[in-house]
Amino acid sequence: MNHFKESCGVFGLYGHPDASKLTYLGLYALQHRGQESAGIVSYDGDKTYEYVNMGLVSEVFNEECLNRLKGYLAIGHVRYSTTGPSILRNVQPFLVHHLGKSFAIAHNGNLINAYALRKKLEEEGAIFQSTMDSEIIMHLWLKYLHLGLEEALLKALSQLKGAYSLLLMTDDTLIAARDPFGFRPLCLGRKGDTLFVASETCALDLVEAEYIRDIEPGEILFIDKNGLRSIKMPTDKHAYCVFELIYFSRPDSYIFGKNVYLFRKEQGHQLAKEAFIEGDFVMPLPDSGNYVALGYAEATKMPFEMGMIRNHYVGRTFIQPSSSMRGLSARIKLNPVKALLKGKRIIILEDSIVRGTTSRSRIKALREIGVKEIHLLISCPPHRFPCFYGIDFPSPGELIAASKSIEEIRDFLGLDSLHYLSLEGLLSIGIDPNKFCLACFTGDYPITPERSFSKRWLER
Amino acid sequence: MNHFKESCGVFGLYGHPDASKLTYLGLYALQHRGQESAGIVSYDGDKTYEYVNMGLVSEVFNEECLNRLKGYLAIGHVRYSTTGPSILRNVQPFLVHHLGKSFAIAHNGNLINAYALRKKLEEEGAIFQSTMDSEIIMHLWLKYLHLGLEEALLKALSQLKGAYSLLLMTDDTLIAARDPFGFRPLCLGRKGDTLFVASETCALDLVEAEYIRDIEPGEILFIDKNGLRSIKMPTDKHAYCVFELIYFSRPDSYIFGKNVYLFRKEQGHQLAKEAFIEGDFVMPLPDSGNYVALGYAEATKMPFEMGMIRNHYVGRTFIQPSSSMRGLSARIKLNPVKALLKGKRIIILEDSIVRGTTSRSRIKALREIGVKEIHLLISCPPHRFPCFYGIDFPSPGELIAASKSIEEIRDFLGLDSLHYLSLEGLLSIGIDPNKFCLACFTGDYPITPERSFSKRWLER
Amino acid sequence: MNHFKESCGVFGLYGHPDASKLTYLGLYALQHRGQESAGIVSYDGDKTYEYVNMGLVSEVFNEECLNRLKGYLAIGHVRYSTTGPSILRNVQPFLVHHLGKSFAIAHNGNLINAYALRKKLEEEGAIFQSTMDSEIIMHLWLKYLHLGLEEALLKALSQLKGAYSLLLMTDDTLIAARDPFGFRPLCLGRKGDTLFVASETCALDLVEAEYIRDIEPGEILFIDKNGLRSIKMPTDKHAYCVFELIYFSRPDSYIFGKNVYLFRKEQGHQLAKEAFIEGDFVMPLPDSGNYVALGYAEATKMPFEMGMIRNHYVGRTFIQPSSSMRGLSARIKLNPVKALLKGKRIIILEDSIVRGTTSRSRIKALREIGVKEIHLLISCPPHRFPCFYGIDFPSPGELIAASKSIEEIRDFLGLDSLHYLSLEGLLSIGIDPNKFCLACFTGDYPITPERSFSKRWLER
Amino acid sequence: MNHFKESCGVFGLYGHPDASKLTYLGLYALQHRGQESAGIVSYDGDKTYEYVNMGLVSEVFNEECLNRLKGYLAIGHVRYSTTGPSILRNVQPFLVHHLGKSFAIAHNGNLINAYALRKKLEEEGAIFQSTMDSEIIMHLWLKYLHLGLEEALLKALSQLKGAYSLLLMTDDTLIAARDPFGFRPLCLGRKGDTLFVASETCALDLVEAEYIRDIEPGEILFIDKNGLRSIKMPTDKHAYCVFELIYFSRPDSYIFGKNVYLFRKEQGHQLAKEAFIEGDFVMPLPDSGNYVALGYAEATKMPFEMGMIRNHYVGRTFIQPSSSMRGLSARIKLNPVKALLKGKRIIILEDSIVRGTTSRSRIKALREIGVKEIHLLISCPPHRFPCFYGIDFPSPGELIAASKSIEEIRDFLGLDSLHYLSLEGLLSIGIDPNKFCLACFTGDYPITPERSFSKRWLER
């Protein structure tokens, strides 16, 4: 289910005459990381071109505007943006022209010292038009530009605290940077002489590029006509977002060195060890529970079924009849297959429970068609703590596991049994606590966030 | 894969104050049966209301236009329409006002004597504005109206040859009719005092109506304030479209008395008997091969995997780079999971091969990422003959199985092996040849079509 | 002021490879005759093409759709359509394909026996999809088609009562017809080998065609590859709509043999004879009062001023502040020039008063900026009777002159004096009562209308 | 004719609960000053609201977005913007949030030291996202903000060279400022307790506000809950743009203390003294020649006619037939009245000749319909020099009078005679050369412009 909102996906390349069209394809493959706006900035050796708008990649771009985005160098961005009337100001990539050159930034992640940085920059005279982190990064970048491109970026980025996987572009150079903790993924690919940087490897697949390696935590990688060169910021421990593996990333991607599909199957194997339940069959909540359910069925040798049918044509909204129909919004997306489910003991695999309300109405619907027993298995520990590094969780008050025990949740959802994967179980399948951020489960934050933002101050 | 185009889905109801909003929901559930246009006609005891347009149900209707569609009686239609500039004239339901009354028709199916009927009607003075069968049916209906509603419909429908599942509406009456062969499905449901008619039971599920029975082949069912009454046309053998079960209908629907999900699993079971192949795992081409693959895996006790990842955000078109990228249009929809597939012997389940071009490029893509063996199993016999009853097959010249042997197809697709479910196998799992139309496999047509349409004459 | 709604403008041509683009230009010039929808049908010797939509000519057509409207023969239509959700069905030209041929109609005017004709046709089995007169004409045309093209049209048109200036097209023939009374204008033009028919000569000017003559009342003119030929229906007296000259037609057009601009100046001359008033200057209400004001000023040798400034950017609607602002809707279109008007005695020329409400608020606004005396002169007699031949007057209850004396109207409007041109005055400047319809002034109708339509019956 | 492009119109008010709707009306009245984009920023005592978009005022705003623009304080802007893909970035008002406060600017005019100011600011670290002067003014304003609001503005504005009539808004204060030369108009109005500032008085008329006085050259006027207070920048001579009176402003406005309508009539009177020509009548090119033609006819006692009919429905573009039609784009806007003009000696009044190409094709069209003599009178001296203060003249190479003598222009246009109002004549009707900028006629610039912009540097 789509209960979390990721901020962004980024994609860029150097060295192909069709740079903007390849970027468009890359964004197509990353669409799951952000559906509200999309943009591309390109450079043809002489001029910089830009096109951004609200909407899906397939809605924002047409042949004509891609043809106008000339050049061999391009960066692009998809965003799950905040709402509000000035939303168009917050579309990325963020592009400025400064002292005769152009500078563009595409950002995935979330800074935790944005308030302090912006306040300081404003006190020094900087003017902000948006509420985006990338505008802050731009100000810092240009502030140190007189030190030279590499030094300027080192100095600018070293002031940032939080999560960032960045694509930057200035005239003839494509730059990729990843914060020292490496919260968000960022990978390098190649096809012939063209070099690519993308949030996920599935975007490399689509453009037929070969995956080379990840941009390392703390790495700033420069790509230009002379090829690749890297500088490094000092790093300590890493803090890869475990939720990229569990939920966000596409199953066909490699993330943090792991294939997402196979990792999720391993979660299912581990769950089978921790919670073997007698039932007639295993089924996922599509699509996020698919792979963990496959793993669980494989390990337990229980039958696997796909008992909920997804309607692929559900739009962003639909209209309710005046007379209330319970659970309609859940049912319109996923309809249970009565003929299969009636009288059965079923084991459902899901990746998370956030508020619990949608799950509750789905379980009720299953009861109404006569399912005999319903057991729910969650492929990670309970989400108890907010994320400050780019995942838009509900507030702690809305996270059901922040206030209820597992037994209370089971009761609230109307289940016969409920099991979460244990933290130990998660660690046992390759999640090194020194490399991964587990703060949403443990509350143990790799970097302490600054005091909560003065919302009034930042928002328009 | 979506290689076939079905003409339509219909939905209607009598006796609920929110008739048009429920119809909108019903069409939402039937969206897979037609994505190019949608329309609703409603009646509030005094006036008739109409709204039709091009687009998906979620695009065509908004709160305001549903509120204007007042009444307790409504019929709706989704259509996979033909192309062309005058396309808007062909949107259904088809509504006219005649001698102080209103008449509306929503049609699923295809008449095979449309040319002759239209020619005769034109010679008698009738004027046609569209190329729809429903305009022909309307002319016949009104021609005999002086005989009374029931007699008029009996007389009109008895002249039709071919496939039709119809919803008709005239002022205070909802009428459902199905041709004597029963080619297309049509079912009756109830919730409280409200009676529903729908192409598939999944639409009843969404509005929480209970499935009562199918409209019978040759039945004309009248629903009004006095309840239900039926008249029957003479029927001989039935000819249910087997492809509704194999491909078109939603797996959560009951069609011709069978649950589609379970039927498809049985196809898998039967395939396992006919063609047991050694492999590392079984996987479907999503979504149409899903259930037959589950059945095959279950019967063979082989692992089931989901090795192709579907991009849910693919729009109606996408823009190709100038430099050609082979297989891009296949890859943008489904990306193979390299980590899973490399070096493996895989068994792919699919529901049909039409032209073979898309399959060929998918198989090539699998070879390129290092799949070791690829075996393809098709859940029905080869498609060798066109359909005249509402399924828009390519011309025989484009149907690969019409001109190539299975071995030639295997070679063309680059497979290690290729197996089709045998006709006997299909009959053995409940497909009675006296009840089902199998013409696309056998060329044995229940009704002989008239000589091919003078396209020039009909089209604008 | 735009207080009346005309139904339509028509334009067509035979014999130019750019037929649809020239028709588009002709419609552009006739846009004042209808602003709600536009359409063109063309023929290229083989196929018939069609494009219609809601909106202004500049909004409906683009380069691409005009390029698709191929051919050397085309007819077009602009319409001031009725409102309602099914409005798209009423867009013209009206096109059908019948017995292998195509037939199109564009109609300006209004039939008074539409109800009876439609009822009779429906009883004979005809089916109507719109509420347009042109659908009735189409049914009659095709009903008699077996008699041959000329005889069929003679027989069909002879059953029509009321006003019609028609363009018809069937495959290779353009046909222009005008009712025997000649209510609405229709003229013939030529440029090289191309023949044009248009509602007004201003459309001929735009395409650089030379005006040849009017289509005569009762004439049916056929234009094809053999040139022109005419047949005639019997005619009695003529009944040209005097309001075409007074209000509707563009001043640069010749209508019924008269130049509109010069005719309106003569109205001003005659008004000067009937009502010479002492004042500081004469001014029109733009734009309809412009030419009569010029004539009045010329005859009286009084200064002419343009004391109301028109805002050319007023859209179809504008948004009112919550706090009421009196007269805003009048003021937003026309703002008085205070510096000119203050303390002055002014004589305003206008073409008509319908409800009187807008005039009243304008006069109040003039008083508030300090105009000393306001005299209003109307360029025709008072409108007391409805029109049945195509002009959408308000109902008699809303026509101020139907219930109030001139002195009462003067008092209601807050004028120092009010004068209407006398009927005798109108006759004296070339309006022959045997050639013109004056029914809106006199109630003396050339053809008696049938009993008022059963609206319920016709409307959807 | 619309041969010049003005940059902008501004409108703002303090102290009315419907501030944004009144601003919308004010912009409606100023629409002739800019048709490509429109925007409003409002403040309700707590928050700042913003809505800007491309299009006419009637297209940009709807009821819903005006309702969201809450507050008692608002400023608005209409712009004739430059072209290009990033055009949306250049829409005004320009709004930022800085150190917890909001700041907005709406600007009419053109700075001549924009390049130098921007370069200096960039070197100090400022980042620019648009190419608008208002972004430069914003940077200067905020740079000095620590000095207090008044001092900051004094210091910022004193660095600007060129033309500016500004509306600024910061939380609870509305500020109006006009450059020391007073190039562009700006006036103050009142209605009850509400104070208004507008580019022209016609906007005050529409909202029923009373005109109080102009903002003085060099004045910075603060409006807040304590009422009005002013500070002044040092001023020397004034340089009111004479073209505001001759061409741009609406005739119902007072500009620089003069009523535009009456001023234009005086131009006609003076032309009658300088160039009395024998003819049959006087006529304007609508609409810009209307009032000077009235004045000329009045002074010469010659008849006044309106011999060119304007099509009010001409869209932004129209489609040309493939076969060329000479002069179509001129003729589609204005059609000559043949019946009036044929065989006549006519005197045409116009406000300017820029390139001469449109005039030439109009004169040719008049010759073709048989006009006997054509005399053209221009209401000002020849335009020979570019404007640097906000009027978008063609380049000098395109200004016909920059390279051709009057006799050569007459010959190029095909006229019988051509007369321009003399500079002396212009001075004689109240244009004091110490108060007005006449540079486009004389080349005598009030402020020398900086060397021509490095276009490459500023543009994206």
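Order of writing sets the labels: A, B, C and D. Residues in every chain begin at 1.
In the analysis below, a contact is a pair of C-beta atoms (placed from the backbone, for glycine too) under 8 Å apart; a residue touches a chain by one contact, two chains touch by 3 or more.
A quick note: this is a predicted structure, and the numbers were derived from the prediction, not measured.
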Those chains which touch subunit D and also touch subunit C: none
Taking each chain's C-alpha mean as its centre, the one farthest from subunit C: A
Same-site or different-site touching of subunit A by its copy subunit B, using the half cut: same
Chain centre separation (subunit A, subunit C; CA means) in Å: 61
Whole-Å gap separating subunit A and subunit B, where each centre is the average of the chain's CA atoms: 37
Cα-centroid distance, subunit A relative to subunit D, in whole angstrom: 49
Overlap residues in subunit C, where contacts from two or more other chains coincide: none
Chain-level touch network, classified as line, ring, star, complete or other: ring
Touching pairs - complete list by chain label: A-B, A-D, B-C, C-D
Residues of subunit A touching subunit D in the complex: 47-51, 65, 68, 85-86, 88, 95-100, 102, 119, 122-129, 138-139, 142-143, 454, 456-458, 460
Of all residues in subunit C, those that touch subunit D in their complex: 17-18, 21-22, 24-25, 28-29, 31-32, 35, 56-59, 61-63, 66, 202, 205-208, 250-252, 254, 259, 261-262, 287, 290-291, 294, 297-298, 303-306, 309, 311-323, 325, 328, 331-332, 335-340
